[in-house]
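In what follows, subunit A forms one complex with subunit B and a second complex with subunit C.
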Partner chain A sequence: MDLHNETVEHNRAEHAGEMHIVRPPVYLGIFFALLVLTALTTGMSYVDLGVFNAVIALAIACFKASLVVLFFMHIHYSSRLLKMTVGAGLFTFMLLISLTMTDYISRAWGRF
Partner chain B sequence: MSSTIISLPDQTTARLPRKSYLNQEYGLKSWLLTGDHKRIAILYLISITFFFIIGGILAGLIRMELLTPAADLMATDTYNKVFSMHGIIMIFLFLVPSVPATIGNFLIPLMVGARDLAFPKINLLSWYLYVIGGIFILAAMVLGGVDTGWTFTTPLSTHYLNTHVVTAAMGIFIAGFASIFTGLNFIVTVHRMRCPGMTWFRLPLFVWGHYATSIIMILGTPVLAITLVLVAMERLFDIGVFDPTKGGDPLLFQHLFWFYSHPAVYIMILPGMAVISEVISTFSRKRVFGYTAVAFSSVAIAVFGFLVWEHHMFIMGVSQYSALVFSLLTMLVAVPSAIKIFNWAMTMYQGSITFETPMLYAFGFFGLFTIGGLTGVFLATMGMDIHLTETYFVVAHFHFVMVGGMLMAYLAGIHFWWPKMTGRMYPEAISKLAAVVTFIGFIVTFFPQFLLGYLGMPRRYAAYPADFQVLNVFSTAGASILGIGYLLPLFYLPWSLIYGKIAGDNPWQATGLEWQIQSPPLTENFVEIPIMDHEAYDYEWLANKTQHEVQTVG
Partner chain C sequence: MDSQAYASATDTLPAEHGHPPFLRHHFESVSQQREAANFGMWVFLLTEVMFFGGMFCAYLIFRNWYHPAFVAGSNTLDITLGTTNTAVLIASSFTMAMSVYAAEIRRRGMLMFFLACTIVLGFVFLGIKGVEYHQKFVDHHVPGPSFSIEEFVHPSNPKALALTPDMAEKTQLYFSLYFLMTGMHALHMIIGISLLFFLLWRAYQGAYTEGHVMPIENFGLYWHFVDIIWIFLFPLLYLISRYR
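Our next item is the complex of A and B:
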């Protein structure tokens, strides 16, 4: 019976961890940060930086996505298990990109 | 090492329980709006059987056409549609959900000692999405079919064809979410709902296999979904992602498609391996040899599965350096698969083996999966692959894995847990016959295809040179034997629902938690949440328990 109670306690503790209440100023702060970054993306598109236009636009987009995931989706306040779950998705995405790139970057090797 | 001798219980005294999930509520509504994982499993079982029959009929048509060298049974474009629909239905509507959504859905909560899956409503939603996806695919078929092959190769699918590509792609997109939801449910259930004492390394290997499968379902399926959306958008709005005339890259489609579709092969085989672990242990009366190795090999297969997709593209003009890397990585997958096979063989060593139907199917799995797996190593070798890709060798290879491996395992599982699901036994003699007929039919159907492929017969053609006819006649004859092997269970399993012998709680004397409760189980599964106080596959524990059990009569 002890074992059972311990598990219940354990679950309750973890559950309490998930119920973190985020205060409105945090949401508003993130919201304005997203707006500012959107404006920045738009602004940067008027400056000609060659290939770096895309790099900067993607970097800003990644940063914005991270803000959304961390704060709007509460991952910043979540358990390590949930953080790892999100990490697994990112890791798989990196696999997709990096292993696909092994084809694209080396396709023309030896042909010049 | 040693096995425990356990005598099977006397079934003449077995009685059906008065209350179970089957008679808790009556009426169509009680089934269609149920949250009970066991009822959803039955709904899935009925629907995948329906699609299996359709896919099977299409397979029969393909073999009929290939009986003669000329394309004389159907027009060549009809043939393209027939094999495309066969592939799409069998893969997305049968193989992917086959074990996880039916047997897995039924058993995961029972095995971890929970009353249901973590999200019963999402589980029901999963079935509805599956059915809607199925309707889309059926609509595509009835309205005129798709002739891209199940692989939706671009720019063929996005530019050149005028068939129902978008409808079929949407069907797969929707059915994909059914699969994601199943995976999500399993992962959360295994993490959060294990009963007290059920540590990770006390979980049955069935659960480990499904956990690994769920990881692929969740991480892989979204990539397929978005790829098919891109195909649809390129068809409908002419965006240039895959079509080179619009600035796209057709190989990008292949990368994205196979990034899901190769791991999908492991979605199809891992649950089969999960079933085999249970069956082998039960009918050898021994703990699975190398439990930890078998458990981790499932996860290893799931992870390695994501690193090998480019071997589908060796002849498509990918970088040869990159192809070398993928060739090596592909061969690595053979390692965890071999770990499983050797450990199962060691499980049987010195076991007290009996030859009930599930065990016969499991033996079929052994032989056929091993041949299918090893010919995969042939194909991973780049030099061989250039000769064998797009020939019948590939067709034979993946049918050995998918049909010889997974379908055998699925039937092993259905027979093994049939008494638990329905409370009644299937007829033993005829089902043994079905297992043997299936095995023989399978070998006669697909073994000649290895030879055909090696000799150079390409896949996906309705006509072939007359030299190939003898082997094709063998293959078609085998398909009719195989068809009988599959038809038999379709008759005797429903028959057994009414006339089958009453099974009792634990007809196999297996150790899993699911066998310690009544058959068929209560809606709530357990009267009291069990406490797991022994290791998985502990036959000593079961023997002691059976010895000291108080028999109540009446």
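Our next item is the complex of A and C:
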């Protein structure tokens, strides 16, 4: 019974954390960061960096997406269950992409 | 363990029934109900990640197979309109985030204002997208019988690389993926805007400013997800081949 009570208390504490209200300054900061990164990625695309053009553009995109997920979508303030859900989903997605790519790279990459 | 005790201890709205009217009986508390709904929304969004992921994967593979055609196709897009649309969509995500905040601090007028802003920005995005689509029809760059490889075999820009007719045909694949991916994204926007009108109407009735934040929050997750898809579409379709 005690153990059960503790678990319930713990869950309540976690839920209380989940109700965290994110304040407008945080949203404003993320908004401007996203705009600056958009300008940066557009600007970088005019500089010839060879294969690194694609690498940098995708790295900036991943960083922007992380900002959106963590702050606009509140994952930074969420319970472990939600953090695990997002992580597990992205892991599965990367797994599927890697397996597909492994197949294509080892067979017909670059052939038409 | 009296579940009702928790409901009334945690939550501040004891109606005559002992809990707020929007709390379903199978949940212990409003926060537990909100967490469960959030979890369900995220699982749905992960299925959406897989849905768009398949298209991204196809783009990646074909881009590497027919690289010159994809570079030529990408360079026909208007980078100014693309960048503007990215900024518009990010702004709409910001106003949506502010809508969630307005619902959380229970300000009905503020909630309606930010929901309306999100609708307007959504329409601006679709409008600019429409201008871009129209230009593709004018240029005969829509895959199908009217598609013309002329611009890719004999480029009007002297610095651009001329493609062989075989490779120039493959630009149709680029434009097919372009219309598929941006079209699916635009469809998600149209569904989102329709839901926003419903939310605006319910917000006007005061449905979300009495503690029942969950529908606004979950719709926010959907809207931000659509924003994330564009955050990846924009560099892939517009940017990464720009300097060739």
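List of remarks:
Methods note: the second predicted complex is superposed on the first by the 93 of 112 C-alpha atoms of A that agree within 3 Å, B and C clash if a C-alpha of one lies under 4 Å from a C-alpha of the other, contacts with A are read in each partner's own complex, and residues count from 1 in each chain.
In this text, a residue touches a chain if its C-beta (ideal position, glycine included) is under 8 Å from a C-beta of that chain, and two chains touch if they have at least 3 such contacts.
Because the structure is a prediction, the values reported are computed rather than measured.
Look at A:L81: by the touch rule set out above, it reaches both subunit B and subunit C. In the overlay built on the shared chain, the residue A:R107 is in contact with subunit B alone; subunit C does not reach it.
When the shared chain is aligned, subunit B comes close enough to touch A:L99, but subunit C does not. Between subunit B and subunit C, C contacts the larger number of subunit A residues. In the superposition on chain A, A:L34 makes contact with subunit C only, while subunit B stays out of contact range. Comparing the two interfaces of subunit A, the one with subunit B and the one with subunit C have residues 4, 11, 81, 89, 92, 96, 100, 104, 109 in common.
Those residues of subunit B that touch subunit A in the shared complex are 191-192, 196-197, 215, 219-220, 223, 251-252, 255-256, 259, 306-307, 309-310, 317-319, 321-322, 325-326, 529, 531. Contacts from subunit C toward subunit A in the complex involve residues 1, 6, 10, 29, 31-32, 34-35, 38-39, 42-43, 45-46, 49-50, 53, 57, 60-61, 64-66, 79, 83, 86-87, 90-91, 93-94, 96-98, 100-101, 104-105, 170, 217, 220-221, 224-225, 227-228, 231-232, 234-236, 238-243. Within the complex, the subunit A residues that touch subunit B are 3-4, 6-7, 11, 81, 88-89, 92, 95-96, 99-100, 102-107, 109. The part of subunit A that touches subunit C in the complex is made up of residues 4, 8, 11-12, 15-16, 18-19, 21-24, 27-28, 30-31, 34-35, 38-39, 41-42, 45-49, 53-54, 57-58, 60-61, 64-65, 68-69, 71-74, 78-79, 81-82, 85-86, 89-90, 92-93, 96-97, 100-101, 104, 108-112.
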